[in-house]
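Working notes, structure below.
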Amino acid sequence: MAYALQQLINGLTLGAMYGLIAIGYTMVYGIIGMINFAHGDIFMVSAFIAVTAFTLLAAADVTSIPLALTFVLIVALFFTSAYGWAVERTAYRPLRGSTRLAPLISAIGMSIFLQNAVQLTQGARVKPIPPVIEGGVQLWSTPAFTVQIGWSQLLIIVTTVVLMIAFTWMITQTPFGRQQRACEQDRTMAALLGVNVDRTISLTFMLGAALAAVAGVMVTVYYGVVDFFIGFLAGIKAFTAAVLGGIGSLPGAMLGGLLIGLIESFWAAYLWAEYKDVATFGILCLVLMLRPSGLLGRPEVEKV
Amino acid sequence: MKKTLLATACLALGAYSQTSLADLSVAIAGPMTGQYASVGDQIRRGAELAIADINARGGVLGEKLKLEVGDDACDPKQAVSVANTMVNKNIVFMHGHWCSSSTIPASEVYNEADIPMATVSTNPQVTERGLNNIFRIMGRDDQQGLVAGGYIADHFKGKKVAVVDDKSAYGKGLADEMAKAVEAKGVKPTLRESITAGEKDYSGLVTKLKQAGVEVMAYGGYHTEVALILRQAQAAGLKLTVMSGDTMTNSELVTAAGPAADNVLFTFSPDPRKNPDAAPVVEKFRAAKVEPEGYVLYAYAALQLFEQAANGARSTKYADLEKALRNGSFKTVIGDLSFDAKGDQKAPGFVVYRWQGGQYDYAR
Amino acid sequence: MSTVVFAAHGMTPAERLRDAGWIAFVAFILGVPLIGLTTVDVGGRLAVNTRFGLLAAAVAVAFGGRLALRWAFDRLAARKASRQRAGSAISRTQTIANVLGWIALGAAVALPIAFSDNRYVVDTATTVLIYVMLGWGLNVVVGLAGLLDLGYVAFYAVGAYAYALLSTQYGWSFWEALPVAGAIAAGFGILLGYPILRLRGDYLAIVTLGFGEIIRVILVNWTEFSGGPNGIGSIPRPSFFGLAFTRSAPEGGHSFASFFGLEFSAMHRLIFLYYLILVLALLTHAFVSRLRKLPVGRAWEALREDEIACKAMGMNTTHIKLSAFAIGAMLGGFAGVFFAARQGFVSPESFVFTESAIILAIVVLGGMGSQMGVVLAATLLVLIPEFGRNFAEYRMLLFGLAMVLIMVWRPGGLLAHREPTLRLAKAAGGEQ
């Protein structure tokens, strides 16, 4: 029981991170209907920015953890959003209005480019930082096993919940959210009604990148080690999460992320860890067979 | 398209033949880019100094050596492509590849092209396939696993042991051998697990180890994953000792795992840096600001091997070189080398090391 | 409303400078965290190094590059505007593609003769042809039937492992195993196709991606069956009508070299393999071209254009989709068999997602549905990283960049044309 609780905590932490990245996929998909394959690599870039920022702070002898975290978050948000904007502007905008597959290939190319650019400029070696947040609380202690939740795990879960609430509010209540949803439904019509479509799309990319930046900082804090390859694996999982939840739906992305995190944890905990990816994709296939638009996705209306 | 291929290929051909006319070309190959790029770096640095030293002594049979570097990124398909490139460059000797999964397919190309190779890949299959151009200057996973498993059984009596691997050819081979060796000494591993290399989250594995009360983990795989597992074990309040193989010689382990790296034991050939004959070379490396750790001296030794074999045979023809390598005994910076009929090193000793404060030394 | 607008009027120099300045500013922002700053390992800890010189250089390159590019684009646009195009663009691309096709075929046949002693060239050309074949196979699924498949490499793997196992376990020869492996791969295609018939677009993409991963993970873990991460080695090579390419002839028989009285050379086998894949690829081409003219091929293209209309016309979309998956998978399986025979070694590392992405990129870059486009794109995508070998660590960077640039330059693919398979006769057209 204690063991299951610990695995639940592990799964939630992992799932929260997948969810944060998945929201970026889902928002971009919602608005321009393309899979942004480079999103995982944007996340990776942000993790590298976080490592540099943490190292700078360590050199400047900053010891206050909240101060350090805020600084790193701001730096990462700024630069990562810039990357999100630049990727959209160079690789996707020229392709808007062409076939559905063209931006997909461009995105795959961008993903390869970013991975190698980071490898070249920052080196292929793994980048470690000393543990930033240490310790945690013991939730439950049995003679055989002590359930423990680390402060960093708590931080990840809380941040994710807060961001989720903030985003839902933004999409449903603010003018930007309305514009964003208008573009999602009908870009031409939105443009006719005075919505600046290009700007809205750019902002969507920047917001998606910002969420990836938060995830990148969290990963750096939690695992303490980053390398140029993390974007690929996390990207595939987050993409799966977005589809599982119903691509285009924000709560769906979060739900999908959590589910994938939990499936991975519990499958690895009780069954064969080596087949956990098979389990993830197998469950995805099952869900899609029963609900072809994902768990919370709206069924596609086919206009003839 | 094909025409461009032809045209560009002509250009490429021109470029290659120019480079291979003047000197004797020898080659190294390994992961110069990708996840294990730091190892490729070690190999290159070792080889570069060896070439410089050999050329300073007047080269081999009066000809200067020229180094070709191949990058396979530990991908078997690229390894074959590299091998073909090297054959085209008319190399007379190859040191590589590094990953067993690259060495195995590439060696067939070298074998057909009559190029002798010295490798540090430890998978038994490397020399078990009856190819007579392969010489292994390192031990084998089965020997390595025997030493590591024996050490665990002797030094951690009564503690629970888990055997974990990363599903790579090297990792799984080593882990299986360690499991066999531990069981032979009457210790039954509590857990047998596999992980996926390249991931970051191993908290599931760590929790599982904690639940089972495991204190010693015999691990087959590379250093990056060990660093992460140790870090996450520490965060989860699990004190874990890791026993692993030659890949742990990489100082990246210490950078990434921090102080937790002091719990890492591993097997490796007797430290060549402690070899008195190697002292001048070690000095040279340190003067060039290269710490001769891991595979640096192996790369140096591989080229010494070629130098001595070629000088001894008074030829760089394959048949002569192969005979010289098979029958001779060579004095190198990693000790005296001689080979058996399969091409395995005759006296490959493995010793257990422990990381301590950023250095590794023999474990007591 | 959105694509890069090339100003019709000439830009003033001030405007050009401002534009380039803006790009330089963006390059600066992007460059600071990755180029300007880097972390290096100093004795077990990280320290930050600054490389402001390099950053300044990068910004300067961005500035100058933008100025030059803008100027070149403007010149190009002006020239294009002033030149009236003659003739129908579609039929022109078509003729060019035809001519190029014959030239390519000639070059492909002549290549091993011209480079009979160059192992590298023949080997690389063989790789190109493998990708051409894979591209043609995937073209059936993606280009013709319009089903996005991100896990095509799974069928390639099935073919490769089928041959590896049949030959090493049961001693089957290449020619015996080829059709069987193709059939097994086709079976997997139906197996994958069946449960996901209801899915559309990107849902289909992720399931196929998942399928590819599942196959790979099973290959890695099921050691008893597939050899796990060690893969399967010592796979027999195909023989030339029973004549093996070995140095010494077998007891009482002949090897290829001894039969023809040639001196043994490892090149014989390479050249043989090259022609083998060339023939396989040409057969694939003939097969697919034929299919396009048959009802089933027409049905695929109809499905791609409008699924609802297909249903309304009473077509059985289930059969159409499954036939596309099965035939695409079979061709992938053939390519896999050849791959295993050529490498003599298969391991799961050869069948990762990146491979699927590259095959898909070949189809899309070439121009969806265009057979010649696939050849062009496969040649490019194999040769870019190979030539990049001279640039060592820059090669994959260039590869990614090239993919983006080609796509942006020609969004419809290199040889983009959507040639109607069937034209209405002008006279019967009536009101056209």
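The chains carry the letters A, B and C, assigned in the order they are written, with residues numbered from 1 in each.
One rule holds for everything that comes next: a contact is a pair of C-beta atoms (placed from the backbone, for glycine too) under 8 Å apart; a residue touches a chain by one contact, two chains touch by 3 or more.
Treat the numbers as computed from the prediction; the structure is a model and nothing was measured.
S.K.: Point out which chain occupies the most central position, where each centre is the mean of Cα atoms.
M.R.: C
S.K.: Counting C-beta pairs in contact, which chain pair ranks first?
M.R.: A-C
S.K.: For chain C, which other chain has the most distant CA centre?
M.R.: Relative to chain C, the chain whose C-alpha centre sits farthest away is B.
S.K.: Distance between chain A and chain B based on Cα centroids, please, to the nearest Å.
M.R.: 37
S.K.: So what's the Cα centroid distance for chain A and chain C, whole Å?
M.R.: 29
S.K.: How big is the gap, in whole Å, between where the Cα atoms of chain B centre and where those of chain C centre?
M.R.: Here chain B and chain C have centroids separated by 33 Å.
S.K.: Counting only residues that touch at least two other chains, what does the list for chain C look like?
M.R.: Counting only residues that touch two or more other chains, chain C contributes 41, 45-46, 220-221, 393, 396.
S.K.: Any chance you could list the residues of chain B touching two or more other chains?
M.R.: In chain B, residues 33, 167, 194, 252, 255, 258 touch at least two other chains, as defined above.
S.K.: Residues of chain A that contact two or more other chains, please.
M.R.: Where chain A meets two or more other chains at a single residue, that happens at 119, 123, 125, 128, 130, 274, 277.
S.K.: Where on chain C does chain A make contact in their complex?
M.R.: Per the touch definition, chain C meets chain A at residues 1-4, 26, 29-30, 32-35, 37-41, 45-48, 142, 148, 195-196, 198-203, 205-207, 209-211, 213-214, 217-218, 220-221, 308, 353, 357, 360-361, 364-365, 368, 393-394, 396-397, 399-404, 407-408, 411-412.
S.K.: Quick check on the complex: what are the chain B residues that touch chain A?
M.R.: Result: residues 33-35, 37-38, 167, 193-196, 198-201, 203-205, 207-208, 210-211, 213, 224, 227-228, 231-232, 235-237, 252, 255-258 of chain B touch chain A.
S.K.: What does chain A use to touch chain C in their complex?
M.R.: Contacts found on chain A: 29, 35, 45, 48-49, 51-52, 55-56, 59, 75, 79, 82-83, 86, 90-91, 93-106, 108-123, 125, 127-130, 191, 197-198, 236, 239-240, 243, 247, 272, 274-275, 277-278, 280-282, 284-285, 288-289, 292-294, 300, 302, 304.
S.K.: Which residues of chain A touch chain B in the complex?
M.R.: Per the touch definition, chain A meets chain B at residues 3, 6-7, 10, 13-14, 119, 123-126, 128, 130-131, 134, 136, 144-146, 148, 150, 152, 219, 223-227, 229-230, 233, 264-265, 268-269, 273-274, 277.
S.K.: So in the complex, which bits of chain C are touching chain B?
M.R.: 41, 43-46, 100, 103-108, 111, 114-115, 118-121, 123-125, 127-128, 220-221, 223, 228-231, 233-234, 266, 343-345, 347, 349-350, 375-376, 379, 383, 386-387, 389-390, 392-393, 396
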